[in-house]
Amino acid sequence: MAERTYIAALREALALEMRRDATVHVIGEDVAEGGPFGATKGLAEEFGRGRVLDTPISEGTVMGMATGMALAGLRPVVEIMFIDFLTLAMDQLVNQAAKACYMSGGQLACPLVVRTAAGAGRRYGAQHSQSLEAWLMHVPGLKLAVPATAADAAGLLMSAIRDDDPVVVVEHKILYYRKEMLDVLEPVPLGRAAVRRAGRDVTIVATARMVDEALAAAETLRSDGIDAEVIDPRTLVPLDLDTIVSSVRRTRSCVIAHEAPLRGGIGAELAALVQEHAIDSLDAPVARVGAPDVPVPAAPALEDAYIPGRAAIAAAVRGVVSPSRR
Amino acid sequence: MAERTYIAALREALALEMRRDATVHVIGEDVAEGGPFGATKGLAEEFGRGRVLDTPISEGTVMGMATGMALAGLRPVVEIMFIDFLTLAMDQLVNQAAKACYMSGGQLACPLVVRTAAGAGRRYGAQHSQSLEAWLMHVPGLKLAVPATAADAAGLLMSAIRDDDPVVVVEHKILYYRKEMLDVLEPVPLGRAAVRRAGRDVTIVATARMVDEALAAAETLRSDGIDAEVIDPRTLVPLDLDTIVSSVRRTRSCVIAHEAPLRGGIGAELAALVQEHAIDSLDAPVARVGAPDVPVPAAPALEDAYIPGRAAIAAAVRGVVSPSRR
Amino acid sequence: MTMDPGGARRLLERMTLIRAFEETVQSSIGEGGLGGLVHLSIGQEAVAAALADVVQGADRVYAGHRAHGHALALGAEPWRVMAELMGKADGLCRGKGGSMHLVDVAHGFFGATGVVGGNIPLALGTAFAIRPRGGVAVVVFGDGAAQSGYFHESLNIAALWRLPVVLVCENNGYAEFTPRSAHTVVERVARHAETYGVRASTVDGNDVLAVRDAAAASLEHARGGAGPALLECLTYRMRGHYEGDPAGYRAASEVADWREKDPVARFGRVATERGWLSAADVAAIDRDVRAMLAQAVDRARRSPDPQASELTEDVHG
Amino acid sequence: MTMDPGGARRLLERMTLIRAFEETVQSSIGEGGLGGLVHLSIGQEAVAAALADVVQGADRVYAGHRAHGHALALGAEPWRVMAELMGKADGLCRGKGGSMHLVDVAHGFFGATGVVGGNIPLALGTAFAIRPRGGVAVVVFGDGAAQSGYFHESLNIAALWRLPVVLVCENNGYAEFTPRSAHTVVERVARHAETYGVRASTVDGNDVLAVRDAAAASLEHARGGAGPALLECLTYRMRGHYEGDPAGYRAASEVADWREKDPVARFGRVATERGWLSAADVAAIDRDVRAMLAQAVDRARRSPDPQASELTEDVHG
């Protein structure tokens, strides 16, 4: 078995797809040099500058160009260096790419992939650390992947590239250098959750960086006599609701953990769905763990306090698991 | 009593505030001509082109300029003609305006107001009909008003202008020509819900155009023996959660209605909060009514099917109110 | 470019079709589902007619919110365009797009766009994609779009990558209710191309032959690998910005001046003067087109509403 | 502009302060909370030093991600800038901003911005607001920002409204790892101003006196009501794009050439040649500044972490 980082897995997945399919192109700022995290390193050397397209700092136009490439049959993979700059490209993504198929009555397809780095933890400050996946979940026509492991980063990206719809892959910059044993990269289907840990007493639904935190919390909780199940949805659109709901029906309690601020975060949708489909099974309200409703602070002391983690998740679990189950 | 439309109330509120405070400026496309809906009609004549600023079609820069005006002590009111074009201005709104106070450690204040028209129903198609307020609810630093009546349109706008933070007022284009008897325009505080109809059997939380639909549903439901309470939060940030939760504690059931697609809509956050704070009082899961997860279609037959309405709200209520209460 | 009787007939038919179509929309608005935000191109027909004359099979065309004429000129069936405007099941986009989102892939029309300037980047990407097949992407937008960031970012990238894209600006002097002078100090949109060494031309947009010549040269330039071209067509919309806009912001004399330059009547005169068509031909074209259109409107009216199940179809490709 | 010993001392002190500050950051990165995404301006000190010399009390300044120098030149206390970089409670922004978001309202520095190009619109709005008080807004950005829509939309509006804003481009030839030639065919950023009839100048950005003269003229132009001005300063960053970037994309010879043009050493030579300062003065300035800075760093280090309660404060104004 080979040890691979999340970023290396992404890079290899891109290379594999580009070898497999000549319509796959990579486009974004500094991608030919590999980008600041190295996700595209070596691609220009292997596939040439005709398929690895360095662009000026023009996010809106670049997103539109990639959309126009996709409408004409190519499979572009755009890199938006930081998800914070997706704010500059929402028009093209939301008004054009997401709606092209629908507005044309099915005449156009838009096999666009957007890769972007989200998340706090690197002391980059409020404009380079956001987690905006909740916006994307609210856009009909988009699919949305939030990989938490190297295998999923590669596998979901491969599926995204092969998908005929626009898919946004939100990568987490703290996970980029997370290592795991991983031999074969293979597509991971969109819409299938992963049960990261089986458990009987509570269902923790966690995404991206919060998956590891949830697993750590689950370990801690053993000493409380609580056996936690940890589910990683892997894609938010489509969402594997069945796996989540049937787990909650067994465990009778649910905690949802994400890194973004709570208000209007993806946890809201997940909590709303869980209570809708499993309220009779719930011993307590669905609890949510997320950041406070503030911009991401730069200071290490504050940023560390900002990012939700294992302690908050464990505390939330203790709040919802009925003492009778412990 | 004078009869006023929502748009006339907005226009008058702008004029009143501009008379009261010379730092208030209006800025946007075609605002000097009144804009397509007439919200700013007459302002250029009264206050001059120095305070009613027509801009080129450059939404991103205009939002940034307004932010720069606000940081330097003015009180700009930007018009983004359709909320769909806020996609072009999210960077400035989210990365600059919303964060300026926080990132500067409180040195800067940003008394910016954004007015924008949302909503379907005019056969304008997918790029002129969206309801994107859920995105804004997820942005720490922004306040968010969603007026459903002429009195609130004016009153919330006045409060927004006097507020020292960036506030987005999402207007509904179908409500623009809604008339109501209304004499005095006065500020409506941000963060106070309105109980539009008192009732004992179910709490319907509805925003913008859905308020009238909820009231109509409530009338229908009388014949089912159901007495519905209808609450209009009026602002989503800050949110008057107390009014909603205490109502639900009494009625033991809750339906949330908004026009936007359900997935990731504001109803998700509201449902998550209600179940969190009142699950023990709930006879049934919180139900949500919203549009399907599709772009807004242009065809009248499809658009009418797209927009949620009284029938869907009444049906949802029947689904959650326990027969014993009827 | 040369012109012959057949070519002249084709151009005049196209312009007449657009004119008659738009007049029909204008007079029937409010009836049978015809509503929404409708931007007519009466007065601007020459641009669409001329472009359609020089676009080839591998090419792809994008237009903006004022796009009925472009769809029609490229060959979209009038009854289906009308059905789309009415929101009918047989609409070009099965009723889902509407006036600002006409798409007709079969005729290379990748579509209209309701976001001003937003189509320019799309065209760049499409140009990149179709370059290997010898295709050129054409994108039509208004003078108002030339103040959008998209236009400038796109000019830069198109020049840098020498993309086979032709940027066609229909400069009608207004963006909604605001004259160009209130939006920029730059008189001619073509001026922006100079900065990037991009080929540019400004032509009388109401002279269909002039537009055709300039468009042909622009597409040839782009197709030949010499990079993008910008074509600015000076024209005027005879109606308000959208149907319902009384257009009180324009001087009556200005409107009257432009009425004199009506591109359809003008080309009718030119075609007879040059002997390509007789006066009777011109009259017959008008009559025949209008008769055809009356049938098209009828057919569109008879088309059913889309089924409710359509609402949730085509979200994904 | 004239220059005298006092002025020369001021300029050299400012440049030396920036250089020494940045070197300190470079060498202590990773220690005591100093981290994140840090962009140093070693090699570009002349621009900040010169601008600060001509900015007046009513003026407001915005800079980009490479902004330590601008904050310092305008008078921000070095220990508080350092504390901000370290994320300490006494940081300029109480630790909430960080390297890319320095703000010092008391010194007219409305701040650094991490979104490339995003500060230009802010400066336009601020220019509008402070015009009645005779103020000018100055905004500093890199050559990479000149390909963003913001730059073009802003040039257009600034020219149209004749705003008192000075757009200062620090053209260091690279945007991250990519040379300007891969981002545009337009060699000089100043070229874009011509289209709008905006006053523009391109100067040697490593010659502090040249920048100062050009900046003074630009601000005077803007303050006098003649509209915006664009000032392009040709310069070079001696470090990688951010700390951690090995900058392998640049030829060693290129870096060596620019090292010859070091703006700090160069002005030290000029100042002695012209008799404004003695060699001993120059040496003393360097020594004193570094001594002061050492104390500042110490003081910043001793500043406590912000309290946890700070996390949820200042969200609203």
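Going by the order they are written in, the chains are A, B, C and D; count residues from 1 in each one.
One rule holds for everything that comes next: a residue touches a chain if its C-beta (ideal position, glycine included) is under 8 Å from a C-beta of that chain, and two chains touch if they have at least 3 such contacts.
Because the structure is a prediction, the values reported are computed rather than measured.
Student: State the remaining connectivity among chains, in groups separated by ' | ', when chain B is set aside.
Tutor: Groups after removing chain B from the contact graph: one piece.
Student: Please flag the chain sitting at the greatest distance from chain A, going by CA centroids.
Tutor: The chain lying farthest from chain A is C.
Student: Rounded to the nearest whole Å, what is the centre-to-centre distance of chain A and chain B, using the mean of the C-alpha atoms as each centre?
Tutor: Taking the mean C-alpha position of each chain, the two centres sit 29 Å apart.
Student: With chain centres taken as the means of their Cα atoms, state the distance from chain B to chain C in Å.
Tutor: Roughly 36 Å separates the two chain centres.
Student: In angstrom, rounded to a whole number, how far apart do the mean CA points of chain C and chain D lie?
Tutor: 47
Student: Let me have the rounded angstrom distance from the C-alpha centre of chain A over to the C-alpha centre of chain C, please.
Tutor: For chain A versus chain C, the centre distance works out to 41 Å.
Student: What parts of chain D, by residue number, touch at least two of the other chains?
Tutor: As it turns out, chain D has residues touching two or more other chains at 91, 95-97, 101, 113-115, 147-150, 153, 156, 160, 182-184, 315.
Student: Two or more other chains touching the same residue: where does that happen in chain B?
Tutor: Correct list: 56, 58, 60-61, 84-85, 88, 91, 95, 102-103, 125-127, 140-141, 292-295, 297.
Student: In graph terms, with chains as vertices and touches as edges, which category applies: line, ring, star, complete, or other?
Tutor: Topology of touching chains reads as complete, every chain touching all others.
Student: Which part of chain D faces chain B closely enough to touch in the complex?
Tutor: 60, 91-97, 101, 103-105, 110-111, 113-115, 118, 120-130, 137, 149-150, 153-154, 156-157, 160, 313-317
Student: Looking at the complex, which residues from chain A come into contact with chain B?
Tutor: 60, 84-85, 87-88, 90-91, 94-95, 98-99, 102-103, 125-127, 132, 134-135, 137-138, 140-141, 237, 260-261, 263-269, 271-272, 275-277, 279, 282, 284-288, 292-295, 297
Student: Under the definition above, what is the set of chain B residues touching chain C in their complex?
Tutor: Going through chain B, the ones touching chain C are 29-30, 32-33, 36, 54, 56-58, 60-61, 84-85, 88, 122-128, 292-295, 297-303, 305-306.
Student: If you look only at chain C, which of its residues touch chain D in the complex?
Tutor: 147-153, 156, 159-160, 182-186, 191-192, 194-197
Student: Where on chain D does chain A make contact in their complex?
Tutor: For chain D paired with chain A, touching residues are 33, 35-37, 84, 87-88, 91, 95-101, 113-117, 144-145, 147-149, 175-178, 182-184, 242, 245, 249, 305-306, 308, 310-312, 315.
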